[in-house]
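The following blocks contain the structures, represented as structure tokens.
Two complexes, one shared chain (chain A), two partners (chain B, chain C).
What follows is the complex of A and B.
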């Protein structure tokens, strides 16, 4: 009888073969949809570039709807399913529970997303990702998302069932590892997200079929954003788990304090989903109490958690590097980091861009008063391209560069491309994120096809700087697309034509037969045992100074916009 | 039931701090992670919307 496991010769992990197959299928499907969604994003950027203005209005709204759905849900959640199975089955050294349910989930997700994409591309459902009522899409649009969500829920159930099996079979001691805990945080947020989606999308489907006469638009917005924004919080928890994993893989780095890091994930579980309320800060029917409790008092506990992760991940790397002897000055540890390794560079660029572009701007938008400056402008996509593209996508790209050789047993092709890809993609998404935020601050609306309002009855001219920002957005969109294409070419090419690592090692066996032990920091416990990380604290102080300055600038801007004296 | 009749917690269980027991209870965390935003964000929000008087 064939063993249901293999031992990874690189890490020593006992890999459940059924789980491994599911990880591969989910990850490959995710990358395919990243390619599709990224190209759709290029069409959006080239249309919003005033000098090019590529698509007509109908095609633009169709492409934007498909881009939002494919990137914000399909690419990320397929990849997160792969991460959930990896963090449960492989890190806990246990068989994946209920593999048939996991396959059912995979096929439901695939069929569901294909239904929605086909319906959108037919052109009768240009309702944007948010699909606010009373705009009505074809029933297939809602049905596809519901089927996709049910599939994702199956994946979450498999993850929790695997935790139960691991506990029963005592495959780990004490608590689950921190990376698995981060993945569990993502899974919990996913359950809330999917439940909220079901609560609002099932009635909306019935409304589109004619069985329900009316859905209150504000009720829809409140519940839809519990799904729409929380789905992005799944990404946050998942990519932070990836940061910890990569720090452990490359440096065997342990968090500065494992207890504090776990506490930070707990704050995510309890409060991160409340950020959804920032989309409703200008709704007069909702009280200031509801808005402030959700987006300020309680959400700040989750913001604090993000700052803990943002401190402790580089802190863990610094502590590990100093143990290796990189102790000169405050920054030798980071100068001597493996910057040519895309696993590291992708992760670190993701960390910096997520904190500065996505994190700070998210807090700004979560303030009821200063939110009014940028509400529903292009600033909002600028923010979430900082979180989802620069933060999550880049982190997922980084871990993929590790997964392909280790899990798929293929050498990476085009190592030169792999080396530069995170920099190019990071530059592209950082530039377009900043340009969108600049244009949004100047009042450019979030989704409008034509910022010149050429066919509007009442003319409105944006300042010339806004047009410049939209052009810059287009240029950096092209750069980001090139970075994305490089990633897809390297990964898909490696899977198809990369050298088989098992055949290579069989032909020339390494002197030592035993596999390298798994990075203990990824599957084990413990803290770095030191807080002497002066470089990281210096970075943190710079970050806080930028945070305070940007906060002040926004309040100053609000004061000048809204002259009351 | 006398206190001495109650089973004493094992030394192992007694040594585990409250926070760790909380963090190790994955289904309690799942419940809290769904219940808190459901109450604070969704239910409170819906109550506010339904309290808005209809235009006459």
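What follows is the complex of A and C.
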């Protein structure tokens, strides 16, 4: 069976038109929700900026609930649906299986998330993204998330079905590409995530409707986080697949070793879900043995996997650059990288910030005892803005700068904006992430409207430095918002008004954002694994030194506090 | 090329380059060190949670806390006459979280140990002792027992750091720690 397709003039991929349309709709919907969620985030940051204190308390808690939901679920999962369809249909040169199911999934997700957003904005469901029982939201809050999740499950099914079709129709030879393998990792984790969500949210919905009398708050958290944290692991697997894709697209880079990179993805499937325990380290009634085994992803095997990707992605780029002749010293390969191309700069900033800001802090605050001095402080959002905003969001922005001209055939409008956008956004999220961690270290609580406690019967105030940190958080929040707006304007503007590249004269040079990989360059040499990558290894050792140092600094902090036993 | 199928069809038998193998080994060993730091701290460190917790009803916990406050009350404070409770060293002490206060105020002695019982009468709350930055999750229905030994004296705030509704940011309690004689 054949379906309508075109051949991409830049990449040579056979592009299934039905799949392309789905990729476009999912990606554009995602970007719209990124814009909404980002602006909600700005309101949060401006309210927590003590000198501005923009919203009143109830509005603040409402906006914060919406911000968490829209960004952590809606923006990311919609974009991941686009990535799943891309990594299966396009990369395997095959028609997207079951496009009707994919559209059903799309509409379920859209309707579901709109239900939840509308219910939250009605103001009776200020329960935060986590909706811990026994605090109760309107039934529509849970219902919307469930419908959204069913839609996402349809998308995963379409992805798996497309893999099967490609295998049957022999549209590729040998093993699936590494990027598709990474996307498959994300999809498998997504199925686990959605199953966990169903197990806890369906009873919670029935409870809010009055059919169930009691839900144990501890049990709720154990299972809810099997969804809540795992959904962030979908992002990790997906954005690492994006890193590999960009390294391949821009540099013709091959992984240092297919075996090691695939093994690292496998470690994610096996161990990342255990991270539910990260949120349960200071809870009653869970044993230390359970906490230690789970919070460490069983001996930190998933952390080992991330450290492998952290070496092998830049290592692959280094090997490719050295082959092109950038062999002077340790670092010529990175100095001469295309820093003005947002596809590259976005990806590389994402990699560095994810590793340093998100990765190191996540592991350290996930140590059983260290968590005592971190739990529920602003340090926690500081960490996950490092992972989700700096890591995943920036990686997705970077690949979008490639998708729009190459797949969607539109010239980028405002290329000057596109060039600077990853730097501005990266600076903003890095700054607000660090400011939140600083404030959290000083004891400032997350999800808190008033750090002066002005209306409290008993007085308490944080140190002046904590107030300063919240101001800095606000400033960088504004910078990140400007970066986010620039992205949305460039992408949406390009899709609406960008020149159609197929109508541009053939003599026009390829845009900077869409470098053409030359398939011929990939023959002739064997695995990149035989290349030395001294520059990347040096970076890795610096990263490790920071990691080790900060690890023991935190234990030192802990050791100075009250005795607890 | 990660966006194409691997060129070497038998990719799994290709040897791994030695720098990468070295990094995998380093990452694995560092993971083991981080892992064993946690049990090690249980054996040698002074900041560990006890694993001691009981199921309890809100009524029963409130009753115990009131009896405790009555027994050891030394004065009241503030416009709401919140009791300040000074229990003997080594005893069981109680603090309850509810919408929206921590009750009662405790007065402890530096260097002495107390068995602190925490529970909630309604939603989940976050016991956050400031500026020490000790944070414990407080659930309704569970009595979390932690032996605490203050190593500094002064006035400490207990703020709530688990979102608990529209008055969350007004939920503040207090613990005094006096220097021993």
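Going forward, the second predicted complex is superposed on the first by the 531 of 565 C-alpha atoms of A that agree within 3 Å, B and C clash if a C-alpha of one lies under 4 Å from a C-alpha of the other, contacts with A are read in each partner's own complex, and residues count from 1 in each chain.
Following the convention adopted for this analysis, a residue touches a chain if its C-beta (ideal position, glycine included) is under 8 Å from a C-beta of that chain, and two chains touch if they have at least 3 such contacts.
Keep in mind that what you see is a predicted model, and the values were worked out from it rather than measured.
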{"item": "Touching partner for A:149 - first (chain B), second (chain C), both, neither", "value": "neither"}
{"item": "Contacts of A:317 with chain B and chain C, given as first, second, both or neither", "value": "neither"}
{"item": "Which superposed partner A:395 touches (first chain B, second chain C, both, neither)", "value": "neither"}
{"item": "Partner chain in contact with A:94 - chain B first, chain C second, else both or neither", "value": "neither"}
{"item": "A:435 touches, of chain B and chain C: first, second, both or neither?", "value": "neither"}
{"item": "Partner chain in contact with A:304 - chain B first, chain C second, else both or neither", "value": "second"}
{"item": "Which of chain B and chain C A:216 touches, first, second, both or neither", "value": "both"}
{"item": "Which partner, chain B or chain C, touches more chain A residues", "value": "C"}
{"item": "Chain B versus chain C as contact partner of A:192, first or second or both or neither", "value": "first"}
{"item": "Which of chain B and chain C A:184 touches, first, second, both or neither", "value": "first"}
{"item": "Chain B/chain C common contact set on chain A", "value": "175-176, 216, 218, 259, 280, 285, 287"}
{"item": "Chain B residues within the chain A interface of the complex", "value": "19-20, 22-24, 26-27, 29-30, 32-34, 36-38, 40-42, 44-46, 48-49, 52"}
{"item": "Interfacial residue positions of chain A with respect to chain C in the complex", "value": "57-58, 61, 91, 126-128, 132, 134-135, 172-179, 216-218, 244-245, 247-249, 252-261, 280, 282-285, 287-288, 292, 296, 299-301, 303-304, 307-308, 311-312, 315-316, 363, 367-369, 371-377, 441-443, 445-450, 453, 455-460, 462-463, 517, 522-523, 526-527, 529-534, 537, 540, 544, 547-548, 551, 555, 558-559, 561-565"}
{"item": "Interface residues, chain C side, partner chain A - complex", "value": "1-9, 11-12, 14-17, 19-20, 22-24, 26-28, 30-32, 34-35, 37-39, 41-42, 45-51, 53, 78-80, 82, 101, 105, 113, 122-124, 126, 128-137, 139-144, 146-152, 157, 159-174"}
{"item": "List of chain A residues in touch with chain B within their complex", "value": "160, 163, 175-176, 181, 184-185, 188-189, 191-192, 195-196, 199, 216, 218-219, 222-223, 226, 230, 259, 262-263, 266, 269-271, 273-274, 276-277, 280, 285-287, 290, 293-294, 298"}
